[in-house]
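Naming follows writing order (A, B, C, D, E and F), and every chain is counted from residue 1.
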């Protein structure tokens, strides 16, 4: 597979590993946050960790769309799915995420709610067309990657005059989240979670371009390397971060030049701007309320807005108090710090959102790195 | 079972049989039409024929509600059931009756139509209440017995203001059918199907009383005995007919006095009159168009009339030309006269309506009397 | 590791997906209930030693609705039904396999009850459940749970029963009252809308069958009159053996409430299902012995000789009515639908 | 007597009601296709002679959707799946039973195709279908057709395979490419929306299994990696045997289009189902012999040694990634859902 | 025509309903077409409705007539 | 974040659609977010939409840089 296998070649991995070993300063730690779950996934799935120098520490960020959705929003979706006459559809990973009282969309479906998995917003449109008697709600989640497809669907629904299609919009914005992390008290005040550099988003950046990150590099004096999701991309980007750190630079560099340009995808950005507008504030799991960090539908699309069509009241979210997801999502803890990890909480019985998606840090630790998790915990305790 | 077993006692049957043997005039035939399928069923199920003198010949009448429904009406019901959003419900026996092109409601259901069996009109109401998103149509068939329950359901639907409940009304009237038979050319002109007397309806008469039959006895000079449906009722009634015939009387007698009064059930009749009005003419299978022989909903109930709510066009009925049902239903042939009987046409593969219900003459012959059918055919050929 | 609760959880797709949820369900429910040294839940097949000889094998799918009914449930039915089909072959049932096709959303508490009931029925019948399978289908693609059981047993030395064996002069025996199962199930089904105190006769007949064979070793064949009732079984026998069969209505053991329910519904008890009764065709000379053996068994106290086999080129089943006439007892046509007219 | 047409009719409730419609269907479809001297359609059980010894029995329910997919259908799957489970027990499969649970409305033409496919698969595998059962459920209470097959066979003298037998040092062999069945089925399923030229590997493995046992008589165990794929089978073995297993990603035979489809869907081929592959755990000394035997068989040409058994108190399955790292290969959690993020 | 059974009222229920019994099989039926009923009387039940009542005296009379016939036959034989 | 794959356009279809191929697995995706595409080019595909294109020169450059690194290591060892 062209552009896939090329970036998974073990020979290059060995070369990059050797280079890193050569270049790291043995007297310091390199604490690098991979913002994206895609990076987390690649690191664990391909065993990248085994190839990194021991003083390069990867810190997992909040870049997993299903992980950061607050329970209140998920509870609203579950309640909507349970309504008579409603068919709720969403992407696969979302189905298993636990809401309050161990509910999930999958459980709601087992109990009779009409919940469907779709692979594309076009499937959601088709579902609405095929089921004129039902109210089809697309439960839209995700960052700047999944937002343009939702915008397309809304424009199609408008053009077709679909009366039974709405979107429950939960699209969120990456730059807002990164700013929030960098401004977080843990980051600002506590040495423990000091971050030395960022792996910047791959596919989000395809849409928004590399330019939005300039601000961070300048404002927070942190190096940023926009990194592809293949394991060689990740390793090369880590090497680029090591070099910036060693050289005291704090720039935005782009490793993923084959797909990311400074300006991004203009057509997609325009489509998003046409359909969505910023919310004043939106709650993120782990980050709390983050200003201007999410989209809602513009008034022109009010008829397609599930929040306006249905009376959706956010209930009192019942977070599992012992779940460390909030801390993990802002890089202030690692999965093995959580007392529930691997015991009560497993991918089979997830108690927090980080244990659900393959991009969630807890799931990645459990599925691909459980053995290493124990020493990692000790490391963390040191 | 009181009032059931009492009227099935074999000892009394033997006494009645002996009495008949004594009283029949061996020089003549007694051609008696049992109007009702209920009588036909009892005669075959209990083996009553074996107990009758050989010159008492039972001729099966049109008194089987599923048998007399014309194919056009059934086709309309099947087409309605196939419509998106429609749930059609009716009594069990109706489901198997073949319409045009070997279709039936059961086949339509197997092919995806939403067809339900109900045991009572109240079940139909409940179905409508439980499925507010669906148009529930009760496919109403039957004589004066099933008509009052339909009337009750319509009044309940009106009181409850049900917007998704309608009735496809096919209720027909017994006296009109009897008149038609007695006026039929076969009866009037052809010696072969001369009828010497009638077993009058049991349960229809519970509702309409015995009085409506006075007209036939007088006008057509035929004896009528209203007969219960238990085998002793049938035998005793046959004895009563034999006596009238022997004595040259043509009266209406009531054997079924434990349930039938001269006036019938006043409350039921009033309810029917409130809800229904006569159609000018209605088609009967076997009898053709019979004036003032069926009901339709009064204008007050127009909102509950499936024929007014839905655009229901009677198609071209595709009767099976070889099927002798029409003749059988007016007593002009017996099942074994039909070339298809027991060959192409069986209860498993009914080609005509008379092969469906347990009260249909062909089904009764096939299920309970096939062996005897062959000699019977020869008799008929004599 | 946390587990789905068997008190208030429901079956989810993951219980059939081949992962840990499935392994848990198998271990904590099926293996725990059926457990024996052959069923460990770890293998895809059971290995058992089998003596040389003839083996009787039978399989049946069980799809009853509702899953629980007076006198039984789909679990006991699935065990007894297959035990009986094996026993009707003149064999001593020794083992069963079971395959569950479960609809997403089935309460785990219901599944537990069903599995416990199967385990109890297997114990009572003296058979082991040696291997099984679990599949989960999406909501709306099943009906609670379907269970297919397959049973096998060793056929008795010298015994060879077959639907083809009936001969003119043989007697027709039934081991007890007819129609109890069907009426119990219909009575608990929504839409049928009647009540009785009748409970299903669901039971394992291997003991009774063995008693019959001991007492009447020339027994031609045995059948359990399930779907289609006595009428179906007698017609099948008449056709396979090329004979006629004549039964006497008066001799048929039928409970009053079964007769009453059939009267209300316009059904004929001859066509109503049984799950704990057997029909035996026995040479006249051994008929009384077979009857006595049945009546001496707790499951056969209402046994009766109800008819006999005759010659008939048409292979008809006929009945002397209690009323004094004769009529045919034909195959059931289509489904037996409640009669309103 | 007229019969429902197998060309344009559909299955109706009466086909399962115990009357003539059912008898017709059994005779004209099932008996006609499977026909052998044991399956006459007249008995409720089959009687077959069985030599003394150990018998392997296995049962599986088949619920695949769609019913027809590239390379097979639910019929061939139901035969091969159970033949394979019997063969994995070290037995020569001899006979199958089958139970059909059919949804009202299934085109009779589809049912005919499925039955013909079963007959063909049984012939190819050298097994007889000796008895069966048919039930029909109402529209909306099933999914076309579910088939449960139960198979049995005689276990080879001296062979005793078990998931508990794996020992440190043993080699892990797979008989061919992984994930073909799952990808073929997903590709033909509505909503998955991708196409490949991949066809299901659905095949009977009894010949291949026999070849392995001939060549490597000390083989510890064999398994067909169906639901949950290779990952599920290896985890089951590790747990049952109390060992660890380590595989090498580079050694895994995977077709490019399977890899491509998994890449698109975000799935891992290790978890994707196979229906014509076996995993064998073989002592190191016989591993090469087993591999040669596999490769010499038409169903094993892509066979490979993919890993080995080790000691591990955690009973983990781990993988050397092609990239040069190591990772765990855990049980599948829940269902494998396409990954979007 | 039309299948109906004579069944005994075992319980009078609210809303024009009654529980009836036939040989131990019970059912709830509507009595709206026959007016108030009392426990113990027999109704003629059809598709879930009582269509009429069984007059016990008339039933007795019919059975008595049959018995008389039987006695006559008995005497003759 | 967000799972996406680089896939080759095998057929340009009407209505802003294209058939893409990855290792022999084909899929129809919407190209409405990237504008007109041509056969043979590589798109980055996510939830049924092309989100962007793969620039072959840049990909080459990245791989070349990696190869250079490798050569360097090779030389050193």
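Rule of thumb we're sticking to: contacts are C-beta pairs under 8 Å (C-beta built on N, C-alpha and C of every residue); 3 or more make two chains touch, one makes a residue touch a chain.
None of these values were measured; they are calculated from a predicted model.
Of all chains in the assembly, those touching chain B and also chain C are A, D, E. Remark: among chain pairs B-E and A-D, B-E carries the greater number of C-beta contacts. Note: centroid distance chain B to chain F, computed from Cα atoms, is 74 Å. One inter-chain figure worth recording: chain E and chain F are separated by 83 Å, centre to centre, where each centre is the mean of the chain's CA atoms. Chain F has its Cα centroid 36 Å from the Cα centroid of chain D.
Annotation: 56 Å between the Cα-based centres of chain A and chain C.
For chain C, residues touching at least two other chains, in rising order: 12-14, 19-21, 193, 256, 259-260, 263, 266, 331, 333-334, 339-341. Multi-chain contact residues of chain B (touching two or more other chains): 1, 4, 14, 37-38, 64-65, 91, 106, 119-120, 123, 142, 146, 346, 348, 359. For chain F, the set of residues that touch two or more other chains comprises 1-3, 5, 22-23, 46-48. The list of touching chain pairs reads A-B, A-C, A-D, A-F, B-C, B-D, B-E, C-D, C-E, D-F.
Partner chain A is touched in their complex by these residues of chain B: 85, 133. The residues of chain A lying in touch with chain D in their complex are 1, 4, 8, 10, 13-14, 17, 37-38, 44-51, 64-66, 91-93, 95-96, 106, 117-120, 123, 142, 146, 231, 346-348, 357-359, 366-371.
Considering their complex, residues 12-14, 16-23, 42-63, 65, 85-86, 88-89, 91, 95, 97-101, 130-135, 137-138, 140-143, 146, 148, 150, 152, 155, 160, 162-164, 223-224, 226-229, 232, 236, 240, 273, 331-336 of chain D touch chain C.
Those residues of chain B that touch chain E in the shared complex are 1-4, 6-7, 9, 11-12, 14-16, 18-19, 36-38, 63-65, 91, 119-123, 142-143, 145-146, 148-149, 152, 201, 203-204, 206-207, 229, 232, 236, 255, 257-260, 265, 267-268, 271, 359. Taken in their complex, chain F has these residues touching chain A: 1-6, 8, 22-23, 30, 32-35, 42, 44, 46-49, 51-56, 58-59, 61-63, 65-67, 69-70, 72-74.
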